[in-house]
Every structure is written in structure tokens, then in C-alpha cells.
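Two complexes, one shared chain (chain A), two partners (chain B, chain C).
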Partner chain A sequence: MYSPSGFYRKTSALKVRPVPEMGFCLVFTPAKPRLFTLNPTAWLVLELCDGRSGRAVERSYADTLDLERPDAAVRAEVRGILEDLERKEIVERCGKPLVQRGTPRTEMKK
Partner chain B sequence: MQPFLETPPKITLSITNTCNLECAHCYGDCSPTPSSRELTTAEVLSFIDYLVAHDFIQLYIEGGEPQCRPDFNQILEYCSRKLMTVVRTHGTLTTKTLARSWADFGVGRVFVDIMGATATTHDGLSGVAGSFGRSCEAVGHFRRAGIETDVAIILNRRNVAELQAYLELAKRLGALRVAILRLYPLGRAKKRWTELALSLEEQSTALSDLDVPEGIEIMQSWHPKDRNCCWQAAAVNPFGDSIGCMYLREYVNFGNIRSTPFLETWHRDPLYKSLRTGVVENSCNGCHARSGTNGGCRSAAYAFHGRWDAPDPFCQTMNHGVDLRVLPERLL
Partner chain C sequence: MNRSSDLNRIKRLVKNGATHEQPKVDLLLGELRSDYGLPSPPPTTGIGDAVVIVWEYDICLGDFDAFHGFLLKTEPTLAADVQDLDIGASYGGTFAQLPQGNPHRTYWAYSSVKAVDKFKDALAKQKKSELYKNFSRLVAFIDCCCTLRMHRYYRASLLANHIATQRAADPILDLFAGKANKKI
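Moving on, here comes the complex of A and B:
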């Protein structure tokens, strides 16, 4: 179950293999050996899971879309993706924030 | 045109040409005696290190029969947590203990070759009595060990009549997917082509007549799913030759990994690069729309037409009157 105040990170030993030529990303979860193909949206959300909160992921995701703040559609999309990534054991919750909230827009656009 | 991928994310390693069966349609023309030319344990482990270092993410291992290599478990244990590892086996050497070991190693998926829906058909094709029962048992061993397991059948004249029964067998065994594969004119299948090959119409009818049981997924590559997979093709045979795809095994050699790093064969060989561009004479719109690639399988196209950019005759819209039961003389 998604939590805006929960903190998300990639699971340990996760292997991420971008295939930018084809516009997707492959992800291998060694602990429960499966290979997944992520579309660009899910790939972006995964990259944002560096210990920040679900709400911060929503903000950063909206930022990449040049939105002032996450609207209902963005929140629903991020929520669905994070739930899916967590179910597949691609991301997991961590106990405390590993990055500061309010990451500057310029940094996120890199 | 440039190849689609800068570097490949997935690769196939045919790890041995040794096998304890004597299949009538064996593409590798395998033998029960190992060849001294095959990659050694140290060479295989070193190649796995190379793959990991160069950002590969999946390793598909086939044979021969991989379990005929005495070092196979050592190799699996070494690679399975580093790369998504998929193994193709006929399973006749698989025990409950071995399946559990593979699960512990982290093997991601297994394909078990079962060649028909009955012992008569399977054992007739494999040349070894009792192999059907052992292959079926292997599916159960892998499933109970928690490994996702599929079954694979190469469609030919001896098993075509029992394809529906095969799907039902797969469901009973607990397989998740059924791979229905074409017969390619390679190895012993080429020598016995007249006896084994079906017309395209016979193949199409067999597929269209299927009533797929709930919970079973079919994998097949006939129209409208006739892909040209060469854009991502990466494979190495038991002797270390880079050959693009196992279905190209008799037609190409892009270099040997003992003397040339794999990615040098990928980047430098002109034919390899050309095959990966997807440039072909013509292609089927239906297959392109479904699979996003042009012209169908390059191995089949080359086998029947002798040109790398020819149409694949296994697709109805690109067949153009080719009788798939008759091989071109140059192949014989």
C-alpha cells in the first residue's frame, strides 16, 4: 500500500540496465530472480527512489513535467507505479529519509 | 542504417554440445562424448565476469544438455545472482535435490524440452526410452522448487497431431508458458527434413486450431508474430564462437571470445552489424505492427533464399509460394 510519507529506495542488489536506444529499462531482482521491463515513466519513478518520500517523488516527478505542483493525475500515476514497483520488490521502504526534501528543480532536470 | 543497440543487454550461451539423448531433430548434432574444444570451466566463469562487467543483465543457457557438463552447477551458482539466468534443458537428469539447488542458486527461469504429448512420440524423437517420463517429472521438480518453468516443443510431423494434448499436458504439469518453436534446417533436422518438416499451411492450421487452456500462455513466432530478433542477437557456442543467434549457428562466425572480446565481435563484424540494422527487402505489415521488427527471422530467410535481406517464408504474407517441406539443394 502506497504511503506519501513513506520513504522509498531501490532494493539491495537490484541491477538496472537502461536501454535508452529502445526507450525502456530492464531491471533484475536477484533476491527473487525476475527480469522486468520498465517503460520511461516507471523508469523515471524508479530513479527517484533514492530514499525520498512518496510525496517527494510526486513533487520531483511533477517537476520533470514542468508542473508547479503534483495534480491528482500525477499523484495517482506515481502511486500506481510505486505500488507496482514495491509489489515486484524493485523498491522497498526505508526507515528514514536519505536525502533532503525539496531537491532543487535544476538538479532534478539533469 | 545503424544497428539499434549500442551494446546488447542479453546473451545466449550454448554451454555444451554433449547430450544424453539422440534427438532426431537435434540442431547441434550433439554427441554423448564431450569435445575437448569446448570452453573450460575457467573460461566460462571468466566470460560471465566479462558479461557482468559490460552491463549484461540476462544470460540464457542451453546446450546440448547443460546438465551433461560436470561443472554446470558450479557455473550456475556463480552466475545466477549476478545475471537473470534462464536455462533450457530436457530435464532427464534433473532430480528433486538438483532442482532445489538451482532455486537456491537463484536460477530465474527454466525451459524444459518435451517433444510431444505422449511417451511414444517424445521417446521416438529423443531416441531414448523413458525420457518422456523424466522430462515431465523435471517440470514438477522445478515448479515445486519455486522456479518459474515453461515447456518447449519444436513443431514437426511427428508431434503436430498432438499439439492440443500437449497444451493440456503442460497445464497438468504446472508449466506457465508453452513455447511452440519452428523446425529449423540445422544439424540432424536438416538431414531428416523430408521426414519431419510440415508445410506452412499445416503449421498454420495446427496453431489456429488450438484451444489454449486457461492459465497457459503460448509463445510462438508465426504470423503475425514473426519477429526479426537480430537487432538484439548475441550468442556464443560451446567453442567460444560469437554467432549472433543459435539459429545462425551453421551460417556465421563473428569471432572467437578466446582471442577477441565479445563486444569487439559485436562492434566490428560487418555482417553482424548489418543483421542488427533490420534492413530487409520487404516485410509483413501485420508482423511489423505486432512485433515492431522487419522481415521475420533472418535464419529462416537465409536458409530458404540464400540472402540475408530476403523475406522469411514462415510468414504467410512473405512466403511467396515457398514449400517449406523442401530444402534448397545448397543446404543439403
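Moving on, here comes the complex of A and C:
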């Protein structure tokens, strides 16, 4: 179940292999050996899962789509894909926000 | 590459898309996990054929659906029209190589070497025919600037006591020179 206030991160040992020339990325989940393809928007959401909250993911996602703030459609998309990624054990929720080194200051402020 | 530039690259990819695509995660099927190229199926022509000409080419990713849809709609007509010429030429089908997907092969079979030239002449005389138009459309899909390769196979048993002289190119395709990769 999606939680806007929950903090999301990639599952440990997850292998991500970008294939930008084909417009997707491959993801391998070693715990349950399965391979997935993520289209660019799903890939974006995955990369945004760096310990930030669901709501922050929505904002960054909307920002990429040049929307001032997340509308209902964006929220539904982010909710849907985060639930799917979590179900497939590609991302997981963590107890507290993680701020990664290199996160742009503007994104941290949001 | 650091995380920030990675993220920027993905954002550019998302923004560059012609239409907004809903986020999607697909399970990759087991049989597609290997990068081993499966051999193309053999030509579906009969043993009576003396010459098999294979066009090997890549189709641009963006043209996949259009090309495969074109084949779905046109292949039976194309094969029947070639057969109707009754000059010993036949269309052997177009096959995609998996898992890569973009390499494609089209097989043509001829009952004799002369039949290749007969087919060329027949096509040249019927430039308003459906066969010619379908042929042109097929060639137009080929991303031939760098990928078109031609293979000509002779039935080995017919080479007994002969030395075959191969032509550098497929004379049939010569007809359509300059039309490749231009949608019709």
C-alpha cells in the first residue's frame, strides 16, 4: 500500500543496468531472481527512490513533467508505480528519510 | 557517472518522449534473458529451388510495429503475386531474429539463376502493379544505410561440375536503388 509520507529506497543488492539507447533500464532482484524492464518514467521513479518520501517523489516527478505541482493524475501514476515496484521487491520502505550525498540542494528543499 | 547526471539523463529521456508514457515495469521472460542470437528459421521454400537469396537487414526500432503490421497485411498477397508470375520465383517469408529483434531476413527462392533475371524483368514491366508497390514498401522499411547484407545460396548439388559466378548484388534490389529507407 502506497504511503505519501513513507520513505522509499531501492532494495538492497538490487542491480540496475541502464540501457538508455533503447530507452529503458533493466533491473535484477537477486533475492527473488527475476529480471524486469522499466520504461523511462518508471526508471525515473526508481531513481527518485533514494530515501525520499512518496510525496517528494511525486513533486520531483511532476517537476520533470514541467508541472508546477503534482496533479491528481501524477499522484495516481506515482502511487501506482511505487506500489508495483514495492510488490516486485524493487523498492522498499525505510523508517526514516535518507539524504544521499550528491542530492541536488533544490530537490532537498522540496 | 555520478547520480545527479544519471538522474538528469533519465529526465531528458522522459522529456524527449513524443508522448507521455505511463510508468511501467515488465517482467522479462526467461527465454529473452540471453543475448545469444537464435538462428533464423530456414527458408520455407521447397527443395526444388536452385537459388535462395537472403536479404539481411535491420529495421529501426520505431518502425517495428509498422513493418510487422505491413507484413501481416501484405505477405500473403506478396507471396501469391510472385507465384502468379509463374517464372520460378517465390517469396519465402520475412523473419525477425530474436532476442535482438531488429535483425530481419527476407528469403527469396528461384528455380534457376535465369529466374532471378526474369523476376527482375517482370517487376520492371509492372511498375503500376500491386506487386511492385508492395515490393517498394517492403524495401522502404529497410534501414539500409548501414545494415543491408545480401547472401546468395546455390543448391550445392546443382553446382556439380560447374563453377558459379556470383553477382555482386541482387539485381532485383537494383531496381529499387535509392528507394530504401524512404517510406511510401
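Here is the rule we go by: the second predicted complex is superposed on the first by the 99 of 110 C-alpha atoms of A that agree within 3 Å, B and C clash if a C-alpha of one lies under 4 Å from a C-alpha of the other, contacts with A are read in each partner's own complex, and residues count from 1 in each chain.
Note that contacts are C-beta pairs under 8 Å (C-beta built on N, C-alpha and C of every residue); 3 or more make two chains touch, one makes a residue touch a chain.
Bear in mind that the values here come from a model prediction, so they are computed numbers and not experimental data.
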Chain C versus chain B on the shared chain A, clash or fit after superposition: clash
Contacts of A:Cys49 with chain B and chain C, given as first, second, both or neither: neither
Partner chain(s) touched by A:Ala62 [first = chain B, second = chain C, both, neither]: neither
Touching partner for A:Arg34 - first (chain B), second (chain C), both, neither: both
Partner chain in contact with A:Val91 - chain B first, chain C second, else both or neither: neither
Chain B versus chain C as contact partner of A:Leu14, first or second or both or neither: neither
Partner chain(s) touched by A:Leu26 [first = chain B, second = chain C, both, neither]: both
Per-residue contact with chain A, leading partner among chain C and chain B: C
Which superposed partner A:Gly80 touches (first chain B, second chain C, both, neither): second
Clash-bearing segment of chain C relative to chain B, given 99-107, 117-125 or 171-179: 99-107
Chain B and chain C footprints on chain A, overlapping residues: 22, 26, 34-35
Touching residues (chain side chain A, partner chain B) in the complex: 13, 15, 17, 19, 21-22, 26, 28, 30, 33-35
Residue numbers on chain A that touch chain C, as the complex places them: 18, 20, 22-23, 26-27, 34-45, 47-48, 50, 64-66, 77-78, 80-81, 84-85, 88, 90, 100, 102-104
Touching residues on chain C, where the partner in the complex is chain A: 2-4, 6-7, 9-11, 13-15, 17, 20-28, 33, 61
Touch list for chain B against partner chain A, complex: 4-6, 9, 55-58, 80-85, 106-109
